[in-house]
């Protein structure tokens, strides 16, 4: 293994920060959700890199990555369902137009 | 310095795929293109998993993210007709968001990654051993003992809840 | 072959194999006549010009099928390792797996009872 | 392994090293040759497959089939391919050019990539990945994506609608397929394709996993868009489906992909349930194993062709109901029964040891599992009969009014 750990961490941090930018800046709710998926995927790269370099004989790292997959899937399923429901009642998926609390 | 061999070459290809795809996701005007970029970025992630000796998670990444979540996102884009005719892709504070992202990256890189795991850093940046746990050990971890059996069942419960909730939300209430 | 070598095979496969289906397209590009005109390029719609946007609204049912599929797909992360390790485990593993599948089947039964599986 | 010595590619690599090449270069050349062979084989095979398909369909319908070009019409498909190459292909106005052109290539690639993990013989396999079976499932999902891209990039309502239907069909039938695949994994305890075949040397998995073999076969028909699930090309409803705007060689690639995918699905059925290359003498003569595999695949493939020529197409709502209300519940119940019975045979001490190749050692466990499967089939048939009867009576009561709703004795089944 010739690639040092910091390179993996750097790539994962870069993807995570791009995801943060997307979540904060995009107006379309679906685009925000895609950026969120990017962030979760970056987290997983980070987890697995630490597992491989830190404790490869212990399976725990992969166990946690599996749970991140579950969270990502549940988030996507419910998030997209909420977007569809909001679109049906408000006719828009732009987050600034939709503020259910303010009415 | 790094020697150039198949592994490092693959690493750089995957790094370009995942970072480039991520940039595509946040910049593309067309959401379907955004979904395609997301898929490219996730492929890069799957490549990393293979390089990191976790091929099972690589296959799961392709299966779950690319096979299911990406499809679901494309369905949702079609359902909400949100693909085009959006005059402005980003909100008014986009430059602020970019600043936040860039600062965060700078902070992580300079403040955490290089001092701790960089060359000559606090912790070793090469693997401590090449004894890698295999996929069937994952199964043993889930159901072999008491360790992860509760999270294992809770994951199932969470998925059930997510599915029921999403069905309730997505369906027409009047139908 | 070692583990890395196996995946090197897949890597080379991805890098090389797409050339084979691309090749006939390139050959066709060389030999085919190319006389495009506006009427020929129109999208196909029973002889009439396309009315409106292509992005007509779709049934939410597509999303629901995709959703159930996603949930069952995620279940695989847990069931494949479970099945691989099954031969070395005891009855406790069966119980855990049974409960896991039962909880998921619950979601399917709910969808069925709420008529969310109907194509209509 | 001593068979490796007779592998010409290994011999070539050895020659390269002795001629002064580095080990990396030699192994790269070795990999490259393997890749080209494995990826070119299905593309050449598909020309023959289309001929076989047309001949079989013709025989079933009492026709001759292609018989003009070449002996027995063998060159008909070559002529068709030449025609497709010489044809102008049209990119519709408003299409997304890059995605539009990439879709057919990705579709073909997604099938070719499956061939990388198919064990052709004890000594010949592209890459014996430790997660081979999951790799197959994952790669199949890329094909779904290619169809979605084709339908969207065409900028056509019919193409998009067709793509959505196909994707709904493909993702739906993937669920029972994968749940059915779990049972061979339960028995073999591995995801590596070569080990899955080796686990069947004593007993083919079709015996202990009868129901999952049937489910896998049916859902594979749907996954590959074969009759009776060929709604992908429902001419009468959707003009042609997701590939309507494709013409010339791009359309040809989609068509070749369909035939190749169908054959690949049958190949995997033979590998996973019919023992793959295993047979008498296969370990000594790897080429014999390849012949066995092709024979087994051929039998299953011809069966699917006859099925195609005889059954009518199902309606999409029926197809979805069949999947979600029948195949998925059955596959889940089947998984639970198999897991329970395997655990019971292990408690009784009659389960074969891992790696056991003797037929007799497998008989007790396989017999118990087969009994469980047959009981499940019996239960399903009984449930179908009673529910069908209930529906029939309800239908009668609705159409004929009250007086005929009284059932005549003895006509109930």
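Think of it as A, B, C and D in the order they're written, each chain with its own count starting at 1.
The rule is short, and it goes like this: a contact is a pair of C-beta atoms (placed from the backbone, for glycine too) under 8 Å apart; a residue touches a chain by one contact, two chains touch by 3 or more.
Predicted model only: the values in this text are computed from it and were never measured.
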item: Winner on C-beta contact pairs when A-C is weighed against B-C; value: B-C
item: Distance between the centres, which are taken as Cα means, of chain C and chain A, whole angstrom; value: 21
item: Centroid spacing, where centroids are CA-atom means, of chain C and chain D in whole angstrom; value: 14
item: Whole-Å separation of chain centres (CA-atom averages), chain B against chain D; value: 30
item: Multi-chain contact sites of chain D, meaning residues that touch two or more partners; value: 129-130, 134, 137, 160, 164, 167, 171, 174, 189-191
item: Where chain B touches two or more other chains at once, by residue number; value: 5-7, 53, 55-56, 60, 63-64, 67-69, 71-72, 75-76, 78-79, 135-138, 140-142, 155, 159, 162-163, 166-167, 170, 172
item: Residue list for chain A, restricted to those that touch at least two other chains; value: 66, 69-70, 73, 76-77, 80-81, 84
item: Pairwise touch network: line, ring, star, complete, or other; value: other
item: Touching chain combinations (by label order); value: A-B, A-C, B-C, B-D, C-D
item: Chain B residues within the chain D interface of the complex; value: 5-6, 32, 36, 39, 55-56, 59-60, 62-63, 66-68, 70-71, 74-75, 78, 134-136
item: Complex contact set, residues of chain B against chain C; value: 6-7, 10, 50, 53, 55-56, 60, 63-64, 67-69, 71-72, 75-76, 78-79, 81, 83-84, 135-144, 149, 152-153, 155-157, 159-160, 162-164, 166-167, 170-172
item: Interface residues, chain B side, partner chain A - complex; value: 2-3, 5, 7-8, 11, 15, 18-19, 22-23, 25-26, 31, 34-35, 38, 41-42, 45, 48-49, 51-54, 56-57, 60-61, 64-65, 68-69, 72-73, 75-77, 79-80, 82, 86, 88-91, 93-94, 96-98, 100-102, 104-105, 108-109, 113-114, 117-119, 121, 124-133, 137-138, 140-142, 148, 151, 155, 158-159, 161-163, 165-167, 169-170, 172
item: Chain B-facing residues of chain A, complex; value: 1-11, 13-22, 24-31, 33-35, 37-38, 41-42, 44-45, 48-49, 51-60, 62-63, 65-67, 69-70, 72-74, 76-78, 80-85, 87-88, 93-94, 96
item: Residues of chain D touching chain B in the complex; value: 24, 96, 99, 129-131, 134-135, 137-142, 144-145, 148-149, 152, 160, 164, 167, 171, 174, 189-191
